[in-house]
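Shared between the two complexes below is chain A, which pairs with chain B and chain C, respectively.
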Partner chain A sequence: MKKIFALLSLCLMSYAYAQHSIMIVNNFSTTFDFQGNLSAHNYSGSCYPYVTSSTPTMITVPADSHTSNGKELAYKNFKDQFTGSLYPTTNWTVQTSPTSSTIRAWNHPSIAPGGVISYNVKWASSQFQMYYAGTSIPEPSFGGLIGESPDPCTGAPGYISTSYGDAEWFNITTANITYSYLQVY
Partner chain B sequence: MKKFFISAIVAVLTLSSCNNEGSPVNTVESMKTPQMENFDKAFKSLGDPQNRPTEEERKRNTSELSDRRKALLVPASKELILSTGVTEAELTRKTGDDMSQIIVWATQIYMQKSDEIRKNIKSEK
Partner chain C sequence: MSMKKILTVLGITAASFVYSQGRIIVNNYSKYDFHGFLITTNSTTGCYPRAGNSGAIVIPAECHMGNGLALVYEGYRDQFISSLYPTTNWEVTVNPLTSSIMAWDDVNLAPVSTIATTTKWYATKFDMTEPGTNISVQDFHTNLNIANPCSPGIIDYYVTPSGNNSAEMFTIGSITYLQLF
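Now for the complex of A and B:
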C-alpha cells in the first residue's frame, strides 16, 4: 500500500514538474513572420542557469500561426518540444555562469524535464525580428528583445508597440504553474 | 507514342491529385469543440484595441496579465471546464474562483484535447 502511494505521488510530482511552465507564441499578425529565439533562466538570486535556443538560430513562426488554427508554438520543456511542437529546437545553449557555455541537444539528460536545470529556470525572453511574410525582408522597426518585465537579467520590455504591429509578453501564474505567452498582433 | 504515354500519365496524375482536393481533410482547426474555439477567440481578443494593456497596465512592475484582461479569458475558460462534465460547484471549490487558477485549468484541458485531436488525425492517416 505504501509503495503504491509512493509511486502515485511520484507520478503526480513528475506530472507537476512536466507542466510547471509552458511557453506559447501566438503570431496573430497576417503581414509578418516571427523569427526569434527563446530564453529561460533562473529567477532566484543569480541569472544562471541561462538557457537559449540556438539551433535554429531563429525559430520561425509564420504569419497567422496561433492557437486558433493549431499552428502556435507551444514548448512544454526543452526536451518534449522537439517531438511535440510544430517548431522543434534541436540545440540549446546552456550557460551555468557568465564564462561557461555549453551547447546541448534537445534530448541531452542535463536539460531533461525534472532535472536540475529544467527545474530551476523559467521562460524569460525572446530576441526577435518580424519579416514580411514569406520573404527575408525584415521590418527594422518591428523587432527587438521582449520578455518578462521587469527582469534585471535581460532588461527586456514586456510590450513593444510599433506602427506595424504590437508584441507583448505576459504570464498567467498560480502557486506552482507559470504559463508564458508571447503574442504578436 | 512515348510522348503521348507520358503526357497521358501526367494528365491522370494531375486529375487524381485534383480529385483528392475535394475530399474533406481533418485538421486540428476543424475538429475543435465550440468551447475550444471560444477559448481561442478569448486569447486573440486580448489584441483588440480596447483590450490591449493601458499605459498604466504597462507600467506595472510585473508581467502578470492584469485582472482586467484575465477577466476577458474567464468566461471561455469556465465554459471549457464545464464542458468536460465538471459542475459549477466543483469549479468553485477547486479554484476558489481565482481567475488564474480557472485559466490555467482550462489551458490544461485545452492542451490535452488538442493532443487527443492530433493523435486521432495521425491514426486516421
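Now for the complex of A and C:
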C-alpha cells in the first residue's frame, strides 16, 4: 500500500512541479518607456485561472532596457520575480472563475511555484502604453493589448505596428523551458 | 510491487478522468488542521443526488501537493484505497425525503454508478483547529461552494476578518480544488 501511495504521489508531483513559461520584456525603443501590465491564464479548456499584475498598476520598463544590456524584464514566476527581477510586481489579481477575483501578494502560497494555479497558467498578454522616455507624456497611438495569438481568452493580436514603433509577442522553447517574449522596437 | 498493481493504480488514475464526478484535491497550506466535509451535487440539473462524507475528514496542518500530503479523492470508492485520508462512509441524498449512509464500496457508489456519474464536487463545510486538537481557530470556519445547478449563489473565497487566513475553491478542467492558507 505504501508503494501505491508513493506511486500516486509521484504522479501528482510530476505535474505539481512543472513551471509555467518565463516572461521576458525587451524594450529596444530608445524613444519610449514601456508601461503595462502582464497577464497569464490557463490554456486548456477554460481561461481560468487568470492572473494579472495589479501593483504597480503599470510596470515600467524604461527605454533601451533589454537582454543585450541586461536591463530586460524577466519574470520566472509570480513569486521569484519579486526578488529576482529589476521591475518587481508586489500584488497579483487572481481570477479563479469569471465571478471570483482575489488580490494576492507576490509571496502568497496560492500563486507560489509548484502550486496548482502557477502550474496551470502561461503568460498570455499585456495591456500597455508607451510614454516618451522619462516623462508622463503618452504617445496615444503606440499602445494597446498584445499577446499570444490567436487566443480566444484575450483576443489580443501578436503584432502591433505604428508609425512610432512596433511591438511583438512570441514564444520560444529551449531545453523544455518556454519563454514568452514581448519586444518593443 | 508487481506490474499488475502498477497497472491497476495507473488504470484507476486514468479512469478517474472519464467520470463526471471528477477529482477533488485539498491543499492545506495553513498552520491549522482542517476538519471538514466535501460535498457533491448533481452536475447538470437540480440538487439530487448529492453526497458528502459522513464524519469529518481531518487534514493536518501543512499537508499539500508540495509535500505529497494533499487530500486527493478520485471518487467515492477509489479514494478509500488511494487517498491518505480515506472516507469510510458517505451520506447520500437521492431526493428531499431519502438519505442513507453508504459504505465506500457500496455498489451504488462505484465509478460506473449513476450517483458517481451524475455528481460533481461543489461544496465544503469546514472548521480549522489548532494542530492535533479540537480547539477551533477563531473565525476560520465557513462553507464554500463553486458554481453549480443546485444553488444560485457562488461563495468560492473566504478570508478571515484579520486577513491572516483564507480559503479558495475552484475548478481547473475536471479537478476541483480547495486550498486553505
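What we mean here is this: the second predicted complex is superposed on the first by the 162 of 185 C-alpha atoms of A that agree within 3 Å, B and C clash if a C-alpha of one lies under 4 Å from a C-alpha of the other, contacts with A are read in each partner's own complex, and residues count from 1 in each chain.
In the analysis below, a residue touches a chain if its C-beta (ideal position, glycine included) is under 8 Å from a C-beta of that chain, and two chains touch if they have at least 3 such contacts.
Everything quoted here is computed from the prediction, not taken from an experiment.
Visitor: Go through the superposed model and pick first if A:Gly134 touches only chain B, second if only chain C, both, or neither.
Guide: neither
Visitor: Under the stated touch criterion, which partner chain does A:Pro150 make contact with: chain B (first), chain C (second), both, or neither?
Guide: Only chain B; A:Pro150 stays clear of chain C.
Visitor: Based on the superposed arrangement, let me know which partner A:Phe28 touches: chain B (first), chain C (second), both, or neither?
Guide: The answer is first: A:Phe28 touches chain B but not chain C.
Visitor: With the two structures laid over each other on chain A, which partner does A:Ile177 touch: chain B (first), chain C (second), both, or neither?
Guide: A:Ile177 sits against chain B, while chain C stays out of touch.
Visitor: Where on chain A do chain B and chain C both make contact?
Guide: none
Visitor: Within their complex, state which residues of chain B touch chain A.
Guide: 27-29, 32, 37, 39-41, 43-44, 46-47, 52-53, 58, 61, 63-65, 69-70, 98, 100-101, 103-104, 107-108, 110-111, 114
Visitor: Considering only the defined contacts, which chain A positions touch chain B in the complex?
Guide: For this pair, the touching residues of chain A are 19, 22, 26, 28, 66-70, 74, 147-150, 158-159, 166, 168-174, 177, 179, 181, 183, 185.
Visitor: Can you list the chain C residues touching chain A in their complex?
Guide: Per the touch definition, chain C meets chain A at residues 1, 5-6, 9-10, 13, 25, 27, 29, 65-66, 68, 70, 72, 81-82, 84, 146-147, 154, 156-157, 166, 168, 170-173, 177, 179, 181.
Visitor: Okay, in this complex, where on chain A does chain C touch?
Guide: 3-5, 7-9, 11-13, 16, 42, 44-46, 48-49, 96-97, 99-100, 102, 108-110, 112, 114-116, 120
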